[in-house]
């Protein structure tokens, strides 16, 4: 789950990090009153709280030289979609004069199986851009989780991005707090970009935190994120998620239902290989039961891009008879095959599955290639 | 720092442990109102919040079968000193019917350098008593701090003290929380005794937590403990502490000032060996400066038990010239040697120290035995 | 010899009384796997398909000191606990089927296992099989057959698909290891390859990769450096997956400029590995390679 | 040979710019200790008594790759950090002078050091001295003299007292190690005794114990089991300390029924160790023992 800038900054504050003075404006708030209550003086920055990358370039961050100007920007930014998304919140911050913009982040290095600190003296642009334009500026340091990120790790990194003396100490405190947030909140990513250099200290002008979805149950204090707010999902993807389906929308006409991420991707690859184009990725995952299959089939019947459906199942933890049952139930309940379906079953209980389908009148394939060719050939 | 029962229970609650319903009564509170607001129904237990051991046996815990009776007990217990100490708070708890009383604690095993879980099916008495009376009942399990106390550790311990099924799960949750509190709060000890067995769960009827004094700066949420409240210190020990002196009151007439716990104890041993009796232990610690020495001397001048003073210094990190300076300053400010003083100096800068004392008219010894014999011989 | 497990391997099933644990215990038993005990806290003293159940691994190992592998079907919330429990009683190979374990927990127990010399397979994996000898996992046994091809894979179902194709082409397998689909896993491709390199029965290896991460690139490097000398055929799933989208599980996402299909294929081909465009090509490529 | 350190030992002082760090750097230098570098974050580029100061241990070790011991004068709040920093650059002996380090932090770094093969002396200790060769600590050098008696001690000042008495009696020392007064310390009596047992120059050993803990009992057990074979004389401070009272530092408290003076003396005497009633008896007892 991605956190909004203001949420990430609140967490950092809780961990002792100084952040720019600010006030959060919800839709319907009186911005003048809020700004005054917070005691904020211009110049100010008004920032659209959206979760998409490249917010600044897309016009989601505006500077105001007076409170009146800030109030005008509030109205403007609430109505301005950033990459298709209108914000529910704006963050008004004191604009901070600064000498330089740094980059600092902590991620998990999956190969080394360790937290990895990334830092650069060239902040203010994406890490991908930095990696392209100033690759030598990126400092990397692996952290032994048993030891944690200690003061000296931060100092080693700080020195390598050119910090000295008191700033080094401030950077060290910041990075230690960032690491604690990262660890305590099961972070996939904790980042500040830009991290501003202001006199003898560092100050996070922006902050990001992505929390491991699998660990969200431990962090009820973070609340929930509506999928609509993330900017990551299409309307149909949101609908699918609300039904518990792992679904990615694509541009073709062949609906795909498969089990396992690898096999589902391969099913896509197969359809492409023989000249078709998938309309989606739909992975039933491990151990799908009839109920889940029913939901998946019903969903693709409704999903307009899918003109025909390819169900490609290789049973391991998933049982082919369960898949067959689910499909048959779905067809019965929905009044038959609303869209043409090609089924391929192999693996655990595939014979039973094939039998169930045959009774309903569907001849399931055993061979994936034959099935893929068949679905591509189908005229719809 | 020792925590009061209600503080320890509040922490456990914060970590998800169910504790008996209760209300805290401060002096001056209206107990009737408090009990009613908390919705407590009799039978109740009124518990004196003092930090001394053996509170129950000393009459600090009383049962009340009605709210009126509880109110009477409140007045009674506020006025009743437990081992010399009157409480500032009382905890009124719902009396819980229970089938058995267990013991559970976590301490640090200094030899193994690991947290150690202690548990017994015979709770309700001191661990020292259990160790004497039912030594075979004590289950011990060391915890690798890297792994932490996991569910299975708790289950292994729980099974060995005779728990099964659902109670085992409840015990496991309890012990995991106790461990988290112990680790998060730098515990020297985290204990529940008795830990009651109530139906299919465990419930801590008492809870103790001792926090490492060296780590208190990390736990400002715990507040401060007045030394008067601890019951561990005499009036003069409290006075000494407020002046930053490490002082233990004893029963003899020879005031001791030394540096280092080992040497100070040995100085006591020496005085005893030659027939004297120390009035105190006063350890200047490492690197004492003139100011600290001055304070120590002034303190022993005021401390009535000390009729004469033995200053035994072996300089390492402590410099003998600093000690000499502090002593001379003290004597100058306080108008001379109010009590007879024998000084022994050796180690770092001892020659300089001796010179400073000589100028003031004090002949310092080099040999500890000679000095000890001299101080014992002094008639006061 | 085969890799890590064989017909003498004695298995404990952690989480044996659950739906999946019980179902797959039955399938493993009928495959011939020697399951000596199961563990579910609070269910000690019962039996599942005639397998005795204990409350703790400590009890299980006391009663069955010859057990050397465990397989975990415990729900995500308690799975890390089960892994530590297995490591701490001295189990040397732990197969973690469970998915959705928080990655920070996996990170910690994988590091711990390494220090203790325990091999972790998974999490979020189908397990390990030595066809005809033992199956410690959730793969459909009939897709596999004994032979001399090794398989390592990041994908569950795709492994069955490939094994099935190999089997139908008359190419049996020594051992197939599903390393798991999570971003952080225990045994990696290169670690597994060291084992296959040492196994005299394995004549060729199939690598089934996926977009995301850099396990395939590391495997390629190992081959290029001459540390793996047997013929290798690879397949990488996700050729047509749009970048930046999370395809099914967290492992399969192209992030931070690494893990793209083209990079992986390029690295593998540079190391002399034949890369199949569809899984069904693999048997032919293997036949040509050996 | 002497134990752990000798005249070739190259030392880094962590916290060299502080009051105590700077003062004792001077004393150590004048004793002849080879101090090659100091570290204080933010003070890199300066000098203390001609010793170059660096911001990080990494820089110090890069410039002085032959440094093999560090001594820590860093305040309690940052001391654990300094220990990890020393271990992680490969320092093999770390002397921790700092007192008041939270015991949970000590617990963690002592366990970590063990895994990395680093010896920790302390915390809350006077350090280690090989008289005439090197002094890595805060002990007054003139109290010590070269010779063949080893000393291990839980107390700082008491060590100087005993060394001074030995020196005046013509009994020099191979090495004296102050293991520290905290409840949890790095090197223990028994671990130090293994080193002294192997050191051919050490002919006899003085053990300076204290009430509390069970290090003396463990030492006695080691002697009884024949794992330490040289003559031993012991002294235990706190004979007349009232039980249950914390005497000065956390280590010296009798808790949970262990650590009483009488128990320690009994255990030592049972192992054949002569126990002195006052420290000044030690030289005579040593002379009789060798």
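In this document, chain identifiers A, B, C and D correspond to the written order of the chains, with residue numbering beginning at 1 in each.
Methods note: contacts are C-beta pairs under 8 Å (C-beta built on N, C-alpha and C of every residue); 3 or more make two chains touch, one makes a residue touch a chain.
On a predicted model such as this, the values are computed, not experimentally measured, just so you know.
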*Just how far, in Å, is the C-alpha centre of chain D from the one of chain C?*
50
*In whole angstrom, what separates the CA-based centres of chain A and chain C?*
27
*asked:* On a C-alpha centroid basis, what's the spacing between chain A and chain B, in Å?
replied: 51
*Provide the list of chain B residues touching at least two other chains, using ranges where the numbers run on.*
146
*Can you tell me which residues of chain C touch two or more of the remaining chains?*
none
*Looking at which chains touch, is this a line, ring, star, complete or other?*
ring
*What are all the touching pairs of chains?*
A-C, A-D, B-C, B-D
*Residues of chain A touching chain C in their complex?*
107-108, 110-111, 113-115, 127-128, 131, 145-146, 183, 186, 188, 212-215, 217-218, 246, 248, 250, 258-266, 268-270, 272-273, 278, 281, 283, 285-287, 313-318, 346-348, 350, 368-369
*Please give the residue numbers of chain B that touch chain C in the complex, ascending.*
146-147, 150-152, 155-156, 159, 164-166, 168-169, 172
_Can you tell me which positions in chain C touch chain B when the two form their complex?_
41-42, 55-59, 78, 81-82, 84-85, 88, 112
*Under the touch definition given earlier, write down the residues of chain D that touch chain B in their complex.*
20, 24, 27, 76-77, 97, 99-105, 107-108, 110-111, 126, 137-140, 142-143, 153-161, 164, 181, 183-184, 188, 208, 210-211, 213-215, 218, 235, 237-242, 245-252, 256-257, 277-280
